[in-house]
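Quick notes on the structure that follows.
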Amino acid sequence: MLTVEGVRSAYGRIEVLHGVDLEVRSGEIVTVVGANGAGKTTLLQCLSGTQPVSAGRIHFRGDELTSVPAYRRLRRGLAQSPEGRQIFTNLSVEENLRLGAFLFTDERVDRDMQDAFAMFPILREKRNLVAGGLSGGQQQMLAIARALMGRPHCLLLDEPSMGLAPLIVAQIFEVVESLRARDVTILLVEQNAYGALKIADRGYVMETGQITMTGPAAELIADPRIREAYLGI
Amino acid sequence: ADIKLGASLSASGPAAFLGDPEAKTIEMMVEQINEAGGINGEKIDLVLYDDGGDPNKARTFATRLVEDDEVVAIIGGSTTGTTMSILSVAEDAEVPFISLAGAIQIIDPVHKWVFKTPHTDRMACEKIFSDMQQKGITKIGMISGTDGFGASMQAQCKDVAPKYAIEILSDETYGPQDADMTPQLTKIRNTDGVQAILNPGFGQGPAIVTRNKAQLGIDLPLYESHGVASDGFIELAGAAAAEGVRLPGTALLVAAILPDSDPQKPVVTAYKTAYEAKYGETVSTFGGYAHDAVDLMTNAMKTGGSDPAAIRDALEATQGYVGTTGIYSFSPEDHLGLDLSAFKMLEIRDGGWTLID
Amino acid sequence: MKLSSKWMQLAALAVLVAVLPLFFPSGYYYRVGALIFVNGLAVTGLVILIGYAGQISLGHAGFAGIGGYACALAPAHLGLPPSLSILLGAVISAVLAVLIGKPILRLRGYYLAVATLGFGILVSMVLTNERALTGGPDGMAVQGLALRKILRGWGWKLSSGEFWYILSALAMLVGVWIALNLFQSATGRAMRALHGSEVAARTVGIDVARLKLQAFVISAVYASVAGSLLALQNQFVTPDIAGFMHSIEMVTMAVLGGVGSVLGAVTGSAILTLLPQVLTVFAEYEQLVLGLVMILVMIFLPRGLLPSIAAKLKGRGE
Amino acid sequence: MDALLQFLLSGVTVGAVYALVALGFTIIYNASDVVNFAQGEFVMLGGMITVFTYQAGLPLPLAAVLAIAITSLVGVALNKLALEPARGAPVVSLIIITIGASIFIRGAAQLIFDKQLHRFPSFSGDQPIHIFGATIVPQSLWVIGGAVLVFIGLWLFFTKTLTGKAVLATANNRLAAQLVGINTGWVMTLSFALSAAIGALAGVLVTPITLVGYDVGVGLALKGFAAAMLGGMGNPKGALVGGISLGLLEALTAGYLSSQYKDAVAFIVILAVLFVMPQGLFGKSTTERV
Amino acid sequence: MSLLEVSGLGIGFGGLRAVDNVGFSAEPGEIVSIIGPNGAGKTTLFNMISGVYLPDSGHVRLDGQDVTAAEPHRLARMGLTRTFQNLQIFQEMTVLENVIVGFHQSESGSLIADLLALPAARRRSQIARAQAQELLKRVRLDKAAEELAGNLSYGALKRLEIARALAMQPRVLLLDEPAAGCNAVETEEIDHLIAELAQSGIAILLVEHDMKMVMRISNHIVVLDHGEKIAEGSPESVSKNPAVIAAYLGAGDEESVDADS
């Protein structure tokens, strides 16, 4: 579904991704773990088109994606819930969600919105309030819900559990699993590596801009190096 | 060698009204003179800068003219502010300078190297007031622009009014870019005893005042200033609204209807024809100031050559030069050299100008 | 800012100022130089306000006007020598800056812009309308500075152009020195911090309101002194000095040069002062070219000339 | 009494002019947080192009439509050639670009057209309408009507249409806007086209009253900016109310206090309002959680 | 008399009572954690205590002195400071400068001294710089000292904020989700850092969703839900409180327990 070959990316002259290879197959949940500053966010931004790629290629559902502008990628079915939430702080919660489905005008938009509200009831409560007033965790929920409104084939999640209460974290992981059931492929970047690996099919470990390890999630959880470096066990 | 003549004018900016026709006139005339063989066989080399109406820039350009371009004479200063900035440069450098601005302070007190061609605002006021006096008007309302032109004339008119036993009952102003003056005019209308309205100003203000006065149906004589003495004014204000408006103008404006005996007739006709043929727009009083300045200066150069001091002396000795604005006679005490007779009282009738006196 | 230390920057500037006259073909260039320095001084003040503290002002010409008219009015009405009039103007500007800064510095962004704009317009309106005092739009004459005569008495014969070149350069260098000092000091750092995040600045103990006011007052004094020097040099002053266009021009200089950088301010002043002089050859097209240059600089050097070039050299892109 | 009414009518007329200019600011501001200082130039172009095409023999309505269309293109060109290449630059830099553009357009206008003042006939004649002893010219009604219509249009656009929301989203968070599939480049193009069209429409409507020359833009932009800030930037309601209030303030001050200081009083009132409402009359304070 | 005493604190936004009648106290060296579901009012509570919001009811006392309406910078000078859930970084300044700003109180003298770069001012700046460098080492950001802060990754910025707050040598430190965006190992480091700080006598208020961390280091836990305090006590008592489990912890907590093993 999504293949990344030798992707390099830089801020100014400083390269932070040094040739990343990664693959996500249809219907999979794949997770990327790594320390602060490893380049996980940068990688996801390359995939969503908000960060320029200086070398390498990205293919999505058979098409080359590398030079497709960011706003067109959602049309192809690639959505992102970005780091830092990036919600529309001046617009209402409902407007945020509606804009998540900017590409669509059919009745399904309403249904999707109801689904989002069902998933995060607090958003329904706050639907008419300015999103900037939400608490951190509520904003995080909104960011995830908004990404889902775009009816993605593949969803990129950058630390979705950040700032969420334990109950909600558990719920997010459930949602991710349920999405797989709905044929949505997921690329998940998580600091809660344990939780992520538990639901993932496969995992990648990223260190200073490179993939250093990959394998089935279960194997990675069992790997002592990973247990020590990322799971703190 | 060529004779270097410098000019700094407000060809753009808020005073472009003045500076644009002035610049065009100077360029045209220098071209004419050079085509006719120059002055005593020497071509005039014109260095012209656009100061945009900014006094600070005007001073820089004046410095540039005397220090860098080494001109022997300067024409310019479309506004009083720019003129005053150039003035001290010319005085310091001892270069003759003819200003094209209105204020009396330019030549009063007299500065050795400084002359000017336009009548003073005070003269315009006097011309208007004497006309009022003849019509028996003693109480007026005034509405002036707050730009340099309007404000200066407003002050002068207030100053000179008592001399003509004229009382200013209401003194209103408007900004240079204002779109509606009906509140001010309503106030004037509601002031008891006002017999006429006087509107010192130029640009769009007077046109709007004239239209607003018609809109309000105020039935008082309206006097405009020489600042709007051009055909464009009638067009902008609309012939109907402008009907009956009086203003002091120069011979230039009424070239066609001047009696053949008028000594200014050939001068104004020649200038008007040449200018309108070259630029496809009607002449204005301001271009006329520049015309006279160039003529005066180049005439002085005929005796003075390219020696600034000699030019100045020749300039001061000018007697009875017939220009578009009036007939100039300079003296050590008078660096304007015009009197009230230079102004003609005009009235707009049927969309055209008529001479009153 | 990081290119070199404070003294390197100052020395570079001083050498430039001292060496340039060797290449002046005529006295006119002293005039242009003096203008660049005076503008540079005013714009350096704006760098402190806009670049350091992140507060915009579209009315700083108002302070220049106060400085300018102080030098016109105080000698005429109070008999104060022009040199002390500069001081008087600066004090009045500072007091006024405190009075209006207190209420309006609570505003943000464009709202602050429109409030300062209003202040500038009020000043220029008073200067225009109070004809009896200020001479109205026609302006008024300003007595020259006695210093030049004194220097002549000491055998130092300077032309007016040379005199003002030197004096303005010194004023600017002092202004730049102070601004650079501030940049590296606790106060300057705190100003830059509040620019980044007001809440965070407050939670580390920075009195944000007071600091903004300090920046506003300092920059007002810069503008005032610059205005005084301009009036004294021109020996004439009109309300244009306090006009909206002058305010815009100062901000433009600051941004073109690089609003966070003091040397950028000087560069910006140099560009915008020189351009009209260079563009006289285009006469008709002057405005066109001026607008175009502004656009192009901002497109290719979006953080202003100096900082953008410095960033390019350092290799961190925008 | 009839004097008061006259002041009010004058205020509303002038206020509607300001409101039209202020409304023109809203779209670009809402799309990019940039106050486009070239907005006044759009007004000027609207007036000037109409004048010259009308003088060239085109019927007035056609001349007006042509002027609006051409000005929209100028707006699009401004975005494509000057603002888009500077994407990512700080907002101050973008503002300087719009100031540069304003100088550029003015310079071009004085070359292409001329430096004279112009006007074309009022749409419905100059016969004043009398209302209880006060008068208003028919063209004022056109201006007021135009301002109200543009306001309604903009209000519907921003509150009822998805495209309007996309515009708001683009300014609020350009990155997120792209992530939800909004072509932010296109949104900017649209915004400039619309803003320019509104500006040009203003020029067409007001020229018979205020006259037009190559340099009328600056003054109009300044007043329009002040009006927009009084009302609260970005909000069409604010632009309308701010414009009309500013006009009324000026007219009433000129009528009852001092015409010399009417602009001063207007600005003092703006300062006072901002003192109490730092976001203008209708501006929303942005909530930024920490 | 406690170092920090909060009583009856409340605030509303529109119709919503974001925090209502919340009170607790903290002693030097104590770690008080505030937990609760998203939107419970934790950050809002911090905002009131640190003076960013003005509470509409209740009191905050520092050393017995009522500081309820005090502005943040006054509180900071009295020794109370905080970090932010939504990062508040001086983006255009270097990492080192960000921390030096934290030394503002000890560094700043008279304005004149700063403008003229008098020796006293320079000396103070040098001291601040040196100390800032020390602090950066402590949060492992010393290598990035000269970077523009805006260029750091999220997790690094979180640590930078802590360093900046420490520069003030606070007596009361409010940390809003300091471990968000950090993995288990990084969280543990922060964990140690906080414990160390407490040991040095600083009173710490901690908001954090990482229950492992909270349970491990807190002396006292306050639980908020819908703006109200629903429970309070030691980690053990709170974690067994059914109301807390229902509203916040959930039953599915075995995962983290699992990870612990």
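The letters A, B, C, D and E name the chains in turn, as written, and every chain counts its residues from 1.
Definition applied: contacts are C-beta pairs under 8 Å (C-beta built on N, C-alpha and C of every residue); 3 or more make two chains touch, one makes a residue touch a chain.
Treat the numbers as computed from the prediction; the structure is a model and nothing was measured.
Q: Fewest touch steps from chain A to chain D?
A: So the least number of steps between the two chains is 1.
Q: Name the chain whose C-alpha centroid is most distant from the C-alpha centroid of chain A.
A: Centroid comparison gives B as the farthest chain from chain A.
Q: Higher C-beta contact count, D-E or C-E?
A: Comparing D-E with C-E, the pair joined by more C-beta contacts is C-E.
Q: Can you work out the whole-Å distance between the CA centroids of chain B and chain E?
A: One centre to the other, that is 73 Å.
Q: Centroid of chain C to centroid of chain E, CA atoms only: how many Å?
A: Averaging C-alpha atoms per chain gives centres 42 Å apart.
Q: Could you please state the distance in Å, as a whole number, between where the Cα atoms of chain A are centred and where those of chain E are centred?
A: Computed from C-alpha means, the inter-chain centre distance equals 28 Å.
Q: What whole-Å value do you get for the distance between chain C and chain D if each is reduced to the mean of its CA atoms?
A: Taking the mean C-alpha position of each chain, the two centres sit 31 Å apart.
Q: Touching at least two other chains at once: which residues of chain E meet that condition?
A: Residues 43, 52, 84-86, 88, 151 of chain E touch two or more partner chains.
Q: Counting only residues that touch at least 2 other chains, which ones in chain B make the list?
A: Residue numbers touching two or more other chains: 12, 146, 173.
Q: Multi-chain contacts only, two chains or more: what residues does chain A have there?
A: Correct list: 11, 133-136.
Q: Can you name the residues of chain D that touch chain E in the complex?
A: Checking each residue of chain D against chain E gives 288-290.
Q: Over in the complex, which chain E residues touch chain D? Could you list them?
A: Touch list, chain E to chain D: 43, 47, 52, 84-86, 88.
Q: Show me the residue ranges of chain C that touch chain E in the complex, using the header's touch definition.
A: Within the complex, chain C contacts chain E at residues 178, 181-182, 184-190, 192-193, 195-197, 199-208, 214, 218, 260, 316.
Q: Where on chain E does chain C make contact in their complex?
A: Touch residues, chain E against chain C: 50-52, 71-73, 75-77, 81-82, 84, 88-93, 97-98, 100-105, 107-109, 111, 113-117, 121, 124-125, 128, 148, 151, 164-165, 167-168.
Q: Which residues of chain D touch chain B in their complex?
A: The touching residues are 3, 6-7, 9-11, 13-14, 17, 110, 114-119, 126, 128, 135-137, 206, 209-211, 213, 215-216, 219-220, 251-252, 254-255, 259-260, 262-263.
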